[in-house]
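Questions regarding the structure given below will be posed in turn.
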Amino acid sequence: MKLVLAIVQEKDVPKLQSELNKQKIIATQLPTKGGFLKSKNLTYFIGVDDERVPEVLDIIKAACQSRKQYVTPPISLAGSISDNSYPVEVQVGGATVMVLPVDSFHRF
Amino acid sequence: MKLVLAIVQEKDVPKLQSELNKQKIIATQLPTKGGFLKSKNLTYFIGVDDERVPEVLDIIKAACQSRKQYVTPPISLAGSISDNSYPVEVQVGGATVMVLPVDSFHRF
Amino acid sequence: MKLVLAIVQEKDVPKLQSELNKQKIIATQLPTKGGFLKSKNLTYFIGVDDERVPEVLDIIKAACQSRKQYVTPPISLAGSISDNSYPVEVQVGGATVMVLPVDSFHRF
């Protein structure tokens, strides 16, 4: 048994969640902040048998890819025209994953 | 030292918390979602000496038991009488527990 | 690679966060409750190379120190003068840290 701890950027959460559901992989989630991609993310705790770890990593890799995107920042409250209203490049998506050893697993 | 990571279904949280307090077992908690029992749950991080792991597992097992319960779904906003107003069986309670090895422990 | 799991009392969070930023140490954070210091705290997940673990522990130790502080409890709603309006000693600050082994680390 391993614990897959995956910190997933929020843009990739819906795709990952739907894929985990489809594969009947049980995942506990919690909202987190910060990390590699400085933004809102969701952390998944996924307990899996050793032999399914590569499959879970493949699913995360397929659903979560860090990529560049152009976004137009919201117009400032003052409503003035500024450089800020031009699209800027931001990094979205992606995941940081740690696989941890587990001594024992119990379900009550 | 071990880290006991326990995902506890919300119905069993009060009983478990009161038992942990009684036994002076220090537990850090955070609200989580999803997992084995698809519902709101609380995840506990409990750092304990190796020799107390069986005791902590016994406490969790005694407080957290997955069981069936009949609940009457709330009447729909439209107020119409439907099949939904009959009691339905749901799974409540229970916990999923992973015991993780710890290299070192520090308190500052 | 190790996972440093640090439960930090809320008073010490700003100092720790600023030091982690300065040292470009990537940390994922989540609000937690309870634990050694019965109060609001923040849990950090910090993935680091084995050789940087002592550095991370030094940073946490320098920023997070459990200490006594005198606080004046808020005056009760009734506004009556009572013993409660005298300063009381409370424990603030501090951190509980566990270093966990990591089998593998991935970034997508």
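Labels A, B and C are assigned to the chains in the order they are written; within every chain, residues are numbered from 1.
The criterion applied here is as follows: a residue touches a chain if its C-beta (ideal position, glycine included) is under 8 Å from a C-beta of that chain, and two chains touch if they have at least 3 such contacts.
The model shown is predicted, which means the values in this text are computed figures rather than measured ones.
If each chain is drawn as a node and touching chains are joined, the picture has every node linked to every other. Under half of the residue numbers at the chain B-chain C interface are used by both copies of the sequence. Computed centre separation for the pair chain B/chain C is 24 angstrom, with centres defined by C-alpha atoms. Shown for chain C are the residues that touch two or more other chains, namely 30, 100-101. Chain B meets chain C in the complex at residues 1, 3, 26-30, 45, 47, 100-108. Residue ranges of chain B in contact with chain A, taken from their complex: 2, 5, 7, 30-36, 41, 43, 57, 60-61, 64-66, 94-101.
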